[in-house]
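Note that the chains are named A, B, C and D in the order they appear, and that numbering of residues resets to 1 at the start of each chain.
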C-alpha cells in the first residue's frame, strides 16, 4: 500500500499524543479512531462518573453513621444508593477495564496497529456517552431520580413513580456499547495477533479480555431485551412481570440475573488478567501454569452462565432449582482457586522487586481472596438464606467488585501509566495512597460482613441500635478510603505533566507493549513485531541485567 | 508500513460460490417443509402437529444456516462459535426450567 | 508532514489507507453480531417457553385469533426473499452486477410485501382491541393476555429488524450501483445477506410458536 | 448471636465450617504471599528460577478444592433441607406483607401485627404480598423467605426459646423499607393457646390502625411521614388533588375520611404522592366506622 512516506513516518515515530496539524484540540480527540486515544476518552468519562459514584457512596456512609435520620431522609437515601449502584455498575465497572485499559493495551500486546474495527470503536464511545447522558437526564426529567436499586426489580420498578423508564433505556444503550466493544475485541484477538503469536502465546490480559468479550456478547442482549420489556411494562402494561396479569416477577429476576451474574465476571476477568501481567514482571520470572490460568478464565466465563440462580435462593424458586444452582455455584470456586494458587507459585523463587504496581497486585490478591471466600457462604444454601439481602452481601460484593475489579484497574493504571504517558508518577506518594486505600477499604467493608451475619438487612436508611458500633467503624473507614483514592488520582494527574520521563520499559517487562516507545507512536510500532518467544520470557531482560534507575521501595 | 500486509494473510481469498440451482433447491425444500408443518397442524392438531413442528423447524433453520448463510463452507471456528452461542441459549432455557417444572 | 496527510492517516485507518483489509475479520465481527441478535430474541423465546409451559391451554385458545393464512403467506414471502438475497450475493460474486441489483430489488420488494401483510394483520387486531394496554386485552384470561403481549413483542421486534434490513439493503443497493461494492469487495452485501437470513431464520421459529399453536 | 429455632444449629454448623475454612485459607494465602515476598526479594535472590508449571500441582489444586467445595455444598444443603421440610400438623399462619407493615393471620381468623408463636411447636408460614416484593427475615431463626405478590411462598420454623425476636423486611420495598419492622414473640405453649383463644371482640379503631398497617405511613403524633399525620386532621380544611389534576378545597369530615380510606386515589391531599393502596375490599363497614371514630377523637 503506497502511503506517502511522511505519513508513514508520522505514524511510526513520535507520540500518539502529539497533535496532528489540522486536527487540534478537542475536535482531534472527538473524531479520533486511534484505540489509545479512545481508551483515554473512556478514562476521562468513566473516572468522572467514578468520582460521582464515590461521592454518593460517601453520602450513604455518612447517613449510616448513627441510627436515625442524620441529614437525608428515606426517599433521598433510596435514590442515592440506587444512583450509586447504577453509576458504579453500568457506567464504570462493567465497561471499565475493557474500555479503558483493554482499548489501550490489547492491540499493543498483540502487536497490532489498532483494533479490528477502529471506527466501530469510536462509535462505541459515542454510544456509551449517549447512554451516560440518558442516565443523568433521568435524574431531572419528570418523576425524579430512580429509587429502585440498581437491580430494577419488578414489580417495584413497574409501580414506582420515579423515572425508571429513562434509566432502563440508558442501561440498554450502555449494554449496546459493551456489545460493540466485545465484538471488536474478539475479532481483534482472532485476526490481528502478530506473526508468531498463537492463541497460547498471548499475554494473559488478552485472555481475560477474550473471555470477557464473549460474556458481553452473549449475556448483554438478554438484559437488553429484559430492560426494554420493563420499559414497555411501565408504558403499555404488557404484563410479563405483573402478577395481576398472570406475569411472574420471579421471571424478571431470572432474566436479570442471567445477564447480571455472568457480568460480574466481565468485571473481574480482565482484572485477573492484569494481575497475571504484574506478578511475573516484578518477580522477573515466567508465570506459573500459563495454560491453567488462560483456561481457567474461559472456564469461569462458561460456568458463570450456569449459576445465576444463587441470587434467588429466597424468592420462592423450586427447591430443585435451588440445590442445582447451589452446587453449580461451587464449581466457579475451583478455577478461581486455581488462579490464586498459580499466582502464588509465580512468586516462588522469583526475584521480587516490590514496587507500586506489585503492591496493588498483592493487595488485590488479599482483597479478592476475601471476596471470593466470603462468596462460599453465599453459595451454600443454609447459610445463604440467612445472609441473603443483608449487609454481608454488600460487603462481599464490594470485596469482589471494588476489591477485585477496581483495585485491579488501579493496579493496571499504575503498571501501564508510564507506557500511556511516557512519564512516571511519584512512587512514594503512590505508596501512601495504596496504604490508605488498603486500610480504608478493610475498615469500610469488613464491618459489613459482621453486620450482615448479625442480621442487618441491606438498603436500610435506618437501623436497630445493636448495629450502631460496626456502622460507625464502617463510616470511619469510608473517610480513609476516600482520602486514599483522592491522593491516588492527584498523584497520577500530576504525573501526566510533571512526572519524570519513564523510559520505554521501566519495569523490565516482557510483553510487546513494552517493546515500543513510551508513549507509543500512532501506529504503535516502528517495526512490525514478530514473536519468537512466549509472552513471559525473561531471558533477554536478565541477560541485559536490566536494572531500572528507580530503586526498590 | 510493510507489516500491514502481513495481517492480510488468508483473509481475502476468492469466495467459494455455490451454484444458483442449489439455492433454488434449498428454497423448494424450505417451502415443502413449511407445507409439512402447516398441514400437520391443520390435519392433526395437538400432539402430532406439535411434534412435526418441533422436528421440522430446526431442520428448516439448519438449511438456512448451512446453505443460505454459508456456514457449511466456513472454517470450523465459525461453526464452533455458533454452537457456543446456541448452546448457551439452551443452557439458559434448561436451567430456568429447573425452576418452573419443579414448583 | 502536511495537514492533509495527517487527516488521511487518521481517517484512513480501518478503511483503506495504511491499514490492511481483512474480509474474514469483518465476517467474524458480523457473525458475532448475529449471536447477539440471537440472544436478544432468546430472552423473548425464554419468556414464551415459560408462560406456555404454565398455561398452554390459554396459548392454544388465543392462537385461534391469529390469521394462519396470513402467517403462512408471510413465511413464503420471507423464505423467497432469502432466496433472492442469496442469489443477489452470488451474482455479484460472479461479477454479474445487473443481476445482483435485480435480485436485491426483488428482496426489497418482498420485504415490503411482508410488512404490508404484517400491517394488515396488526391493524385488524388493533381494531378488535387486541393490543397491549387496551381494556379488551386486560379483560382476557391472564394466559391469553400474555400470549398476545408476546405476539406483539416478538413480531414487533422482528418487524423492526425487517425495517433495519430494508434500510441496509437500500444502502448496499446504492453502493453496488456506484461500484464501491463489486466483485472484489462484496463483503458489505454478503453481511446484509447474513443479517437478512437471520431475520428469516427467526421468523421460521415464530411461525409455529404463534400461528400453528392451536 | 444465638440461634433460636430448631434448625439454627444446623445453619450455624454450616457457617462455622465454611467461614472457618475460609479464614484458614485466607491466612494461608496471605502468609505464603508475604513469606515469598520477603524470602525471594531481589536483593536476596537476584537470579529467578524460570518454572513453567507442574501438572501434578495443577491437578492437586484442582481436585482438592473441588472436594472441599462439595463438602461445603453438602453442609449447606443439609441445613437447607430441614428448612424446606415443613412438618405435618404445623400450625398455619398466613403472612401478609404490604408497604410497609406486616399482618399475621391465624387459622381461627385471629389477626396480629406481631407474630405471636408457641415455643416448641412448629409454625408453617404462608407468605404473600399485596403490592411489591418483601422478605420475611428473622435473624435469630436463620430464616428468610420472600413475600411475592401473586403467589404464596412457604417456610416454617420452631422457636426453641421464649423471647422477642426482631423481624425485618429484607427485600427493598420503597420509601419506608427500613421501618418495616415487627417482632416474633415466642411464648410458652399454654399462654399462646390462651391468647389465641381469647376473643377480645372486634378490634378497636386503634388496633385496626396497626393491623391494617396505617401507622406505617400516618403517625399519631403530628409528624408527617409518607402520608399526613392523623393527629388533629379531623375538621381541618385541605386542598386535594383529583386524578385529572384539578384541585379543590375539602373539609375533612366523616364522609371525606370514608372516601380517603376506601378510594384513596380519588382525592389526594396536596403535597403527598399517590401511594396508598385501596382498602375497599380489605376492610368492613364496621371497621371503617371504628377507624373514623378513632381518628375523630385524635385531636
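FYI, a residue touches a chain if its C-beta (ideal position, glycine included) is under 8 Å from a C-beta of that chain, and two chains touch if they have at least 3 such contacts.
What you are looking at is a predicted structure, and each value in this text was computed from that prediction instead of being measured.
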item	value
From chain B, the most remote chain by mean C-alpha position	D
Top chain pair, ranked by number of contacting C-beta pairs	A-D
Chain A-chain B separation of Cα centroids, rounded to whole Å	35
Centre-of-Cα separation between chain C and chain B, whole angstrom	15
Euclidean distance of C-alpha centroids - chain C vs chain D, Å	47
Whole-Å gap between the CA centroids of chain A and chain C	34
Residue numbers of chain C (touch at least two other chains)	18-19, 22, 24-25, 28, 32, 35, 38-39, 42, 46, 50, 54
Set of chain A residues in contact with two or more other chains	1, 3, 8, 11, 113, 190-192, 218, 222, 247-248, 250, 254, 258, 319, 523
Touching two or more other chains - residues of chain B	1, 4-5, 7, 11, 85, 88, 92, 96, 100-101
Which chain pairs touch, all of them	A-B, A-C, A-D, B-C
Chain A contact footprint on chain B (complex, rising order)	1-7, 11, 77, 84-85, 88, 91-92, 95-96, 98-103
Touching residues (chain side chain A, partner chain D) in the complex	74-75, 78, 147-149, 153, 155-156, 159-161, 243-244, 247-250, 283-286, 288-292, 314-316, 319, 322-323, 326-327, 330-331, 333-334, 337-338, 340-342, 344-345, 347-354, 362, 365-366, 369-370, 373-374, 376-377, 379-386, 388-390, 453-455, 457-464, 538, 542, 552
Footprint of chain C on chain A - complex, ascending	1, 3-4, 6-11, 20-23, 31-34, 113-114, 116-120, 179, 182-184, 186-187, 190-192, 217-222, 224-226, 229, 232, 235-240, 245-248, 251, 254-255, 258, 522-523
Chain B - residues contacting chain C, complex	1, 4-5, 7-8, 10-12, 15, 17-18, 20, 23-24, 26-27, 30-31, 34, 37-38, 41-42, 45, 49, 53, 57, 60-61, 64-65, 67-69, 74, 78, 81-82, 85-86, 88-89, 92-93, 96-97, 100-101
Of all residues in chain C, those that touch chain A in their complex	1-11, 13-19, 22, 24-26, 28-29, 32-33, 35-44, 46-47, 50-51, 54-55, 132-133, 138, 141-143, 145-146, 149-150, 152-153, 157
